[in-house]
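Handing you a structure now.
Which chain is which? They are A, B, C and D, in the order written, and residues in each are numbered from 1.
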Amino acid sequence: MKKARHSDSLLFEPRNPDYANQVREAFEGQPMLRSLGVELFLIEPGYCELHLPYRQAISQNHGYFHGGAISTLADVSGGFAGWSLLPEGMWIVTVEYKTNIIAPGRGEKLIGRGRVVRSGRSLTTTEIEVLAVDRGQERLCATALQTLMAVEANPT
Amino acid sequence: MKKARHSDSLLFEPRNPDYANQVREAFEGQPMLRSLGVELFLIEPGYCELHLPYRQAISQNHGYFHGGAISTLADVSGGFAGWSLLPEGMWIVTVEYKTNIIAPGRGEKLIGRGRVVRSGRSLTTTEIEVLAVDRGQERLCATALQTLMAVEANPT
Amino acid sequence: MKKARHSDSLLFEPRNPDYANQVREAFEGQPMLRSLGVELFLIEPGYCELHLPYRQAISQNHGYFHGGAISTLADVSGGFAGWSLLPEGMWIVTVEYKTNIIAPGRGEKLIGRGRVVRSGRSLTTTEIEVLAVDRGQERLCATALQTLMAVEANPT
Amino acid sequence: MKKARHSDSLLFEPRNPDYANQVREAFEGQPMLRSLGVELFLIEPGYCELHLPYRQAISQNHGYFHGGAISTLADVSGGFAGWSLLPEGMWIVTVEYKTNIIAPGRGEKLIGRGRVVRSGRSLTTTEIEVLAVDRGQERLCATALQTLMAVEANPT
């Protein structure tokens, strides 16, 4: 199974030189990610890789990763990829996304890789793949396509 | 906001007279749903309503329901709606789904309503809406479109 | 098959009292729709119904309506539904949409019904169903979910 | 803009050694593609590239390629990519697909590139990109994600 799809990512210029900290803060501000056990593995301009170790608490009927864990990982991998290209003080919200579950989420870890396809002023498009790592072997588990929107940080 | 979309559901004949127990078992066999706190509220042939009370552990940066909780609820609401029409001993897996986040998941509870649009031999199509209940007021939070596939129960 | 889904549409206030003419002009400005033979049947605030009579020129291998005709009809039915709620002088572009093909496009006519689910300042969400009319019998052929964006009329 | 995404495609073994002719026949059997002017440029196992020269008859309000032409090209590029991996005598139907319109379809030609991500017994998943060629410059215009199903050739 091809794994290199994101390694040859588009090159993006971050609009905020401190983009990595901005994403890290956003990541740490989401209690749901801590509850699931998501780990921020790599953030680059327009790219984000997240890891999610297996726990029975996030499994489904066969003991594999639950689809909800898979799609949440897809959503936030794309979301933080988009977030890395935002000007300081802006936030990202998900407008919509679509996930194709390609194979069961079997194994000891999920890897989510989000990549920005297009970064516009208001809207950002990302592609995401989720890999399941089973005894060290990576296998494509899901592929997703996502639309994000930049918003002011405090839309209250 | 229109709430009646699913009340006038299509009428489906369940292929398993004990469909409600079959769904309940499938529901209880998914540890992820227990971790999130999802409650099975109503199951009818081709229809499923799930509730998800708010907890900080499943929130995002603004303290609202996390997108991952919203889309997981959408996924399983549609999934169990499809499951209710299966012959005994068959299982449902999600092939793909797409979620549009219409409004923030703000409030004390999410309600997921999945409805079968078409039930084929192999594939099932569902529509789902997720409502956020804020101080008793329901508001459309997300709408989703999903493809499910029936599989043998033990595909090992 | 349920047909009433859109009859009980949400009630929207048009921001342009002359919305019907605005949509008609937009419709007539699209040569592709004339090439296909699409007819504007009904436009209301937040709702649009288009018809597409069968011709062999828009068919596929079995002589049914081609999937491209079905999804184009879905796209523009939703697009004009959104357009009907725009302020004067604004235009709609499709950000993305997803179509589930439920049944073959068999028959003498396709009917596309687009309905606005949410109309925001920038983004609009619509749901669309496409019916195939076969010897007078309507049958659900496709269901779609769409994101639109309002833009200035002359973004050159 | 990255163009190489599909050049490093997954390697698939065709199940029908005469796959290229099988696809060509399917292509020629679709009157809608002739009406639009779609050209079969390249077919390989799990990969298909189609071209669509500009004509005013398939344009929208600004004179660019109509969204219906863009998404039809996406649909069939993915469809024939999947078709190339079928056993002899099987056919492909589109279950669903989602298209993100990234940029206007401006220029003298559209190029659709469909690539199989996963080829199962019943279901196939594809990714598609549509490029607009404007005075010789390629630009990503749309990206799509698609589910296909293999069926018997004559399901009448």
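Note that in this section contacts are C-beta pairs under 8 Å (C-beta built on N, C-alpha and C of every residue); 3 or more make two chains touch, one makes a residue touch a chain.
Each chain and its UniProt protein: A, B, C, D = PaaI family thioesterase.
In this text, all values refer to a predicted model and were calculated from it rather than measured experimentally.
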item: Steps needed, at minimum, to go from subunit A to subunit C via contacts; value: 1
item: Comparison of A-B and A-D (more C-beta pairs in contact); value: A-B
item: Between subunit D and subunit B, distance of the C-alpha-averaged centres to the nearest whole Å; value: 33
item: Between subunit D and subunit A, distance of the C-alpha-averaged centres to the nearest whole Å; value: 27
item: Whole-Å gap between the CA centroids of subunit A and subunit B; value: 23
item: Residue list for subunit A, restricted to those that touch at least two other chains; value: 95-96, 98, 100, 145, 147
item: Touching residues (chain side subunit C, partner subunit B) in the complex; value: 1-2, 4-5, 8-10, 98, 100, 102-103, 117-118, 125, 127, 140, 143-145, 147
item: Subunit D-touching residues of subunit C, taken from the complex the two chains share; value: 26, 29-36, 56-62, 66-69, 71-72, 75-76, 79, 91, 93-101, 156
item: Subunit B - residues contacting subunit D, complex; value: 95-96, 98, 122-123, 145, 147, 149
